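What follows is a set of structures for review.
Note that chain A is present in both complexes that follow, paired respectively with chain B and with chain C.
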Partner chain A sequence: MSWLPQSVSGRIYASLLLILAPAPFFFEWINQPFYLDLLSRALILAIAAISLNLILGFGGMVSLGHAAYIGIGAYCVGIPSYYDYYNGWLHLGLALSVSASFALLTGAISLRTKGVYFIMITMAFSQMVFFILLSLEEYGADDGLVIYSRSEFPAWLSMDSSTSLYYWIFGLLLLSLFFIHRLVNARFGRVIVGSKFNEQRMQALGFNTYRYRLVCYVISAMICALAGMLLGNFAGFISPDMISWARSGELIFMVIIGGVGSFFGPLVGTIAFVLLEEFLSLITVYWHLIFGLMLIALVLFGKGGIHGWLSLLDRRGGGHG
Partner chain B sequence: MLELANVETFYGTIQVLFGMSMRCKRGEVTTLIGRNGMGKTTTVGSIIGTLESRGGDIRFDGEVISGRPAYEVAQLGIGLVPEGRQVFPNLSVRENLVATAANYSGSSDPWTLDSVLEFFPRLRERLDNQGSQLSGGEQQMLAIGRALMLNPRLLILDEATEGLAPLIRQEIWRRLEQLKQSGMTILLIDKNIDELAHIADRHFIIEKGRMVWQGDSDALTEDASLKARYLGI
Partner chain C sequence: MDWSLLITQLLNGLQLGLLLFLLASGLTLIFGIMDFINLSHGSFYMIGAYFCGSVVAKSGSFLAGIIFGLAGMFAIGALVEWFIARKLYRADHLDHVLVTFGLILVFDTLVHLIWGAAGMAIPLPDALNGQITLGSLVFPVYRLLIIFSGLIVAAILFILVTRTRLGMLIRAGASNRTMVEALGININRLFLIVFALGAAMAGLAGMLIAPITEASIGMGNDIIIVAFVVVIVGGIGSVKGAFYAALILGLIDTMSRSYLDALLKLAMPVTYAETAAPALSAMLIYILMAAVLAFRPQGLFPPAGMK
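Coming up: the complex of A and B.
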């Protein structure tokens, strides 16, 4: 059947989505709500990693400040909730518009730089947000802010239960994957991908690459803010810690583990990251050391990440697509 | 159509063009010849806007284009086949051709994917291959095809046949001859003087960032001392 993925990796990714779809019912059946929480958190971070992959993997823009947009999304739930505004559409609209405005402003400046300067300037903007939130005592400063109730949507879209919130997360994950797939395969995406390799050449073909990259950056930030909005609702608590540059670094690792510039790589990379983080911490308190060594090994020897390994199966199986 | 007058271009503090002047007439093939390091590619960079000239003036169809960003110059209808091909290795042949396609000249009979594939049938066989998987000759065909897909009014080819096998070179020269017959204005940079003399109407020789000679093909081929003095042949 032509609609089935042709490659081995494509079938594995499709199977993964099919496994993820009924996950809440499975965990309810085995009475392990903890695993549903773990998976929900992983998928929220996967949305953020997918958004980062749009600029990093496809556009070659290595941002060390992307966690700022998770924070912006989360605070767009937390601050209105603090004033008893729980309307979900308000939260959603705020998350999208504030993140887009911030990305437009900071991207317009950051994208005038390249390479290591871009990394540093994105980190600097993210740290600015971090310290601003840290100074806002009204909203808990470094103690953070508790969100007592989740964003309110019509009953059929409610995110009150763990299961319904999971389907919000899963739905937005699918939408993000679909949207980015369409975007990258459209002319817009080809210009972004081409610019990653040779921006000057793309300009000589008549494209104002700065504008394309800026739009790409803003779209990526908005998707990341959606992850932040979900994280605020999921955790019921927000703090400036969500925005620290270390969180942005973790997002980069999630993308690298999964495979830079692949559509599903960040999803599997984030799930692997969150599971490793969780289970290694059960084994030893020094889990950071083991985790760090594993990441170093991956960067040194596992070029292409998990997606790279799965692509080897495609070549052996002669599959394509 | 294209006119450079006393153009001065620098790399940082190092001056490369010292009042370079030349012009391309509509419907003609013009060449820019010179030894390595004399400023040919710098002249191209100054025309297409990837290098900023600090003095003089570059006009395209009467409009000043010096100082304008590269994407605006391309939109005015200047297509470039760059030195070293520079196809996008991470895009397929089809994507290389289609993703950047435009009709900057407003042609009523524009180049399309089909017409480019008809022009270079070899690309049709490689349509789904990545740019990095092509041979040098195929990459050059792709680079020319990509420039044609912009439907430029002026086509610039920097080192059009450099590093290509003799058979592929012949194929490229034949295609350029066809483009000339179709009335396209072309600025050619290459080292193959015999082929250039055969195909081009007017030649400019550049030496140390200055135009030192101009003339037609007969004048170029007849003057042996010219080649020895400026081209090292």
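Coming up: the complex of A and C.
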């Protein structure tokens, strides 16, 4: 059965997806709707982390402003809903087109810079979005905006119940994983990964690395806006706080915990992040202390994140990675 | 035009600019010399305020609060350098961002543990609580003191950087670190001093602002981003650049908040202007930074010899 994942880590990820698939029915059965909420939120953030991993992990572009696209996606649900436009296709189309245009515009400027300057300029652009939303009195400014009803889709696609919303999330998660996997393994992805390691060589081979990176940045932003659109629907509430630079920092952490530049790393990283956050905050109000120390220890000692640890199993088991 | 309002706003802009300079000067040196991105520099600002507040509460003397606060911040800066930052200088920038982001969480929670969740007000001595009246112009004495001490610290720092051996090493480190090491300078000690000095200055900024805003958890997390804007606009590693950029940004920020809506009303309907002005004035410094990064990434006043 050659289509089965050969490596230990691959099997673990495949089993994880198999466990996630029937989750709503399991939580309904044990009557714990709270855990479904927790899992839905984790998977939404996982989509955002997966999108960030495309530019950060595969492309080497460290963006400290990716939460801006979550915010753009969420406001593309919130603002039309405020005017009683609940059509889901409209929300989806807006989220994709607004995020793509914003990413094209800001990416074209940001990608002229490298390294630490790129970190700072992406942060600057997300701060601009933050302050624009903060000043929109009509849409609640810093108090945010309540969304009274979820995006409307045809009955078979409805996201009204928490179970159907979960399958929206799960479906888009699988789609983004699949899409990014195909993308990275195509010529396009080879160029992106190649220019992370040696840009001059890629240019010498005749690739316009700037353009490849820009397209990659726009794709990443659009996937992240999908996460934002789901988050707006899931939370039923949007506020500029979704975009603050600390949110962008957390997104980077989700990617790092899981393992930079691996396909499933951001997914397990985000689930670990959200569960840890939830679990620690139950124990003590001072949970940020433990959390912060764990993050520091992870960077200082735990190279490769969860994916890195799982890959150790592969080598021990002799599987082909 | 209301001239006394204009002068008051100019002084407020100057005050903000000098506070930003206190934060950004350390940040730019740490950034320029060690090539280290310290997001937790804003935590030093917060801890300085709490330190000073505790000492003032015990001793009743604001001056004692500042002196003990400075010493305490120097020690904390040295500890952070010794145990954490030092291990990361050779790592890449992403690791810096992550570790110092973790440090912010740790420091915020430690302050919560030690001083509680509520903010801490710092009472001012009566001598500083008054106001100075000049014709129609009324300005609080304490704000003038902030401006005055900011300028003095800037002058001391300027002399330190341009006229002393330590300053020469700092400048040399910012331009070419490898060369300084090759000349046999104990680079670790230099790094430690620069880091601790930066922490002390960030702490001082926190101590100076706390009597106005009171010390609170997370107070450094917004201003640190503005301080980064100052560092980038001024040119990484340049104290002079940080000084000019801090004043420019402080003035732009303060002036646009008070005058931009009047300006916009000339060009567009009043309701649009009233919505657009606050957004635009808050965004202005980030727009400036994006423009600098796009067209002159080395900053407006880069340190000599840096490419």
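Assume the second predicted complex is superposed on the first by the 320 of 321 C-alpha atoms of A that agree within 3 Å, B and C clash if a C-alpha of one lies under 4 Å from a C-alpha of the other, contacts with A are read in each partner's own complex, and residues count from 1 in each chain.
Here, contacts are C-beta pairs under 8 Å (C-beta built on N, C-alpha and C of every residue); 3 or more make two chains touch, one makes a residue touch a chain.
As the structure is a computational prediction, the values presented were derived from the model and not from experiment.
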> With both structures lined up on chain A, is it a clash or a fit for chain B and chain C?
Replying inline: fit
> So, A:Tyr75: does it touch chain B (first), chain C (second), both, or neither?
Replying inline: neither
>> Contacts for A:Gln127 in the overlay, against chain B (first) and chain C (second): which applies, first, second, both or neither?
In response: second
>> Going by the contact rule set out at the top, does A:Phe234 touch chain B (first), chain C (second), both, or neither?
In response: neither
> After lining up the shared chain so the two structures overlap, which partner does A:Arg201 touch, if you call chain B first and chain C second: first, second, both or neither?
Replying inline: first
>> By the touch definition at the top of the document, which applies to A:Phe264: first (chain B), second (chain C), both, or neither?
In response: neither
> In this superposed model, does chain C or chain B come into contact with more residues of chain A?
Replying inline: C
> In the superposed arrangement, which partner chain does A:Tyr217 touch: chain B (first), chain C (second), both, or neither?
Replying inline: neither
> chain B to chain C: minimum CA distance in the overlay, Å?
Replying inline: 8
>> By the touch definition above, which chain A residues appear in both interfaces, chain B in one complex and chain C in the other?
In response: none
> Touching chain B in the complex: which residues of chain A?
Replying inline: 187, 190-191, 193-194, 196-198, 200-209
> Across the complex, what residues on chain C touch chain A?
Replying inline: 37, 39, 84, 87-88, 91, 93-95, 97-99, 101-106, 108-110, 112-113, 221, 225, 228-229, 232, 236, 275-276, 278-279, 282-283, 286-287, 289-290, 293-294, 297
> If you look only at chain B, which of its residues touch chain A in the complex?
Replying inline: 48-50, 69-71, 73-75, 80, 82, 86, 88-91, 95, 98-100, 102, 104, 146, 150
> Residues of chain A touching chain C in their complex?
Replying inline: 56, 62, 64, 109, 112-113, 115-117, 119-121, 123-125, 127-128, 131-132, 134-138, 245-246, 249, 252-253, 256, 285-289, 291-296, 298-300
